[in-house]
């Protein structure tokens, strides 16, 4: 029993009507499993999906500012008002400065939202854990989108990320990502000590996302 | 008769329910005037407002990418699918690289969307005009949010921005912004040769945004 | 007769003692030709090379600030005091915001230094030309470091960049870069209307940089 | 007995000839004290100062790349070849992404150079310490350049930064900065548990930098 966050990225296959379909599928599957399933749709879809489904919705990114004179910025308060449960922070496709990550982790916590800080290796996992986020999600960037699961290609990164994260902060939970597609990958991640996985193309770009998610979870 | 784009920024006073109210007000006032009124709400509100009103909706910012593996990014295609008519680009609170601005102006044009490139002075107005956007919106950053209208404080910037923009590209239209609040400011901008104004706090943070917009337009 | 700027990048083959050797070679060859040869060494080498040679030295990048509280920044004033004649701006490996480019072009001009704004295509060449720099250097990023000369692979980019640059600003000179290695490439660039070339690995990573430069120039 | 790093920033008062004078003063004072004194001059001055003095020289910033096709970038290898002993990283005026800081700390260590990671509060100090740098230098940005010493204005930040840094990584040393000018400030910092201070305008912009440094150290 673990956690699965599905990152829709800016995939056309995970936008608008298709996003809603994957969200509905996630909602349905959530009811059949004890695994915690959440989705991170495009910010443009977030409000509607949060309104129309019960699946937990996360933002893919937020900006390190509060309400105010910040044209083009997305704040933690905004996503909370729209029903999001939390946000990814510092995804490899939207890296942030250290001071910004610290700001956002604190802000999300203050608002009762969940923070998932993405990292790229053991060192940054250690550093992120020291910021006291809810989750750290380690994803070796070179494996993202390859279909080569981090749990197989780099088990030591997963194992040691978990180890160092818990050593620095026993409350932090660790996800791993990059290349995850099958139930076997998912189980391997949990066996290596991870609390769950971050997955994107494996579900969103699958021919049948619902079936892909069922297979991943094993229901 | 000119153009008014209302930038909601990340103002709490222009978010969610309040955003919808200002949008409805803009829609209503649009029907009573020949001035072209558009709004640029938060990206988190954009889809719902575009669905529930007829007022023209612009994004405040888009990222220089297309659909794909771009976590946390907003693409021109996304805002089009959600009903937006165009986007601000390069606002002083979200500045972009020259190559990114060029990419976005071309992309918006290719999608039949309107581009409004924000600039900070005469030089950058000239450069932006050479990219062939629909609009250039010149806003001296030091006047933004001050209530000191650019049309009064720096009339030469407006006049010369219009002059140089039209010289480089006779098709480009010029807006001016920063400090605009009253009908007098708006008229002054048009008299200086601008095709309209970009306004934010003057409307969004007004006690009564609807009344503020009516007064600005003069209806 | 044209202009050649040799960009040493952060190549190990163009750093420290080796940088000085290439600089000396450029100095020597300069005396045998009417072509204008300049070099852009690492900022860490710039002061020493400017002191020990007569070849014109450019910075590869400067920051959009003046003297002051700017840790880690390189200002136009600094490179001037150290003997530089100008600076590259906005190289594809160090892209700047439009407002920063405008700031730097003005600042360099004010200090009597030469500005070379790098661009990636015809659109950005037009925009950069409107800023009134001394040079615009168009380099399609996809050809950089390939050995496939832009003058052969994309002659229309060179020809049309020259055309649009001169149309917008008759005083601006146009260089082209990316993939330039041979005298033939150089001549082709000049024949397409360019005033010269920007070259990097073709000289700096050559087995014998001096010979490579002689061959490029044709002396 | 502590450590003092003097950051010359991009101050005109700390550039070129004046930089060399402050460096010579630091060298001389170093011989009269057991305190460790180091300087971080402009990168444009670094090579010459490292050659002409024996005082330890640090870079103010380096880029997260190695030798190669990186126009305008400064690498750790470059500053090592020129005689630097280490580098500041992530100064508040040149903030870096978390993944870049991790990359640079590892790289500096691999090259036998000293890393000083600047941070802005207790949270980022904890995170930086987890990266295993030689030093973390905590500087509340709002106090930088004010003359209000962090050791007096925010003693808890210093005390708790030291505490959390040592808890996460007993080998990391902690500096504090912002507003330090007098010997009293310096002593207060050491008494709060810091291993030393990072100082800039207090020395560099002093009427007599040498005297200011003597007074700071107490010699």
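Think of it as A, B, C and D in the order they're written, each chain with its own count starting at 1.
Keep in mind that, in the parts below, a contact is a pair of C-beta atoms (placed from the backbone, for glycine too) under 8 Å apart; a residue touches a chain by one contact, two chains touch by 3 or more.
Not measured: the values here are computed from a predicted model.
Participant: Once the contact rule is applied, which chains count as partners of both chain A and chain B?
Facilitator: Common neighbours, chain A/chain B: none found.
Participant: In terms of C-beta pairs in contact, which of C-D and B-C ranks higher?
Facilitator: Higher contact count goes to C-D.
Participant: If you average the CA atoms of chain B and of chain D, how far apart do the two points sit, in angstrom?
Facilitator: 43
Participant: Go ahead and note the Å separation of the Cα centroids belonging to chain B and chain C.
Facilitator: Here the centre of chain C sits 36 Å away from the centre of chain B.
Participant: What whole-Å value do you get for the distance between chain C and chain D if each is reduced to the mean of its CA atoms?
Facilitator: So the centre of chain C lies 33 Å away from the centre of chain D.
Participant: At least two partner chains per residue is the criterion; list those residues in chain A.
Facilitator: Residue numbers touching two or more other chains: 92.
Participant: In the complex, go through chain C and note every residue touching chain B.
Facilitator: Contacts found on chain C: 90, 92, 95-99, 101-102, 105-106, 119-121, 123-124, 126-132, 164, 168.
Participant: Mind listing the chain D positions that touch chain C in their complex?
Facilitator: Chain D residues touching chain C: 7, 9-12, 15-16, 40, 42-48, 59-61, 65-75, 77-79, 81-82, 88, 91-94, 144-145, 200-201.
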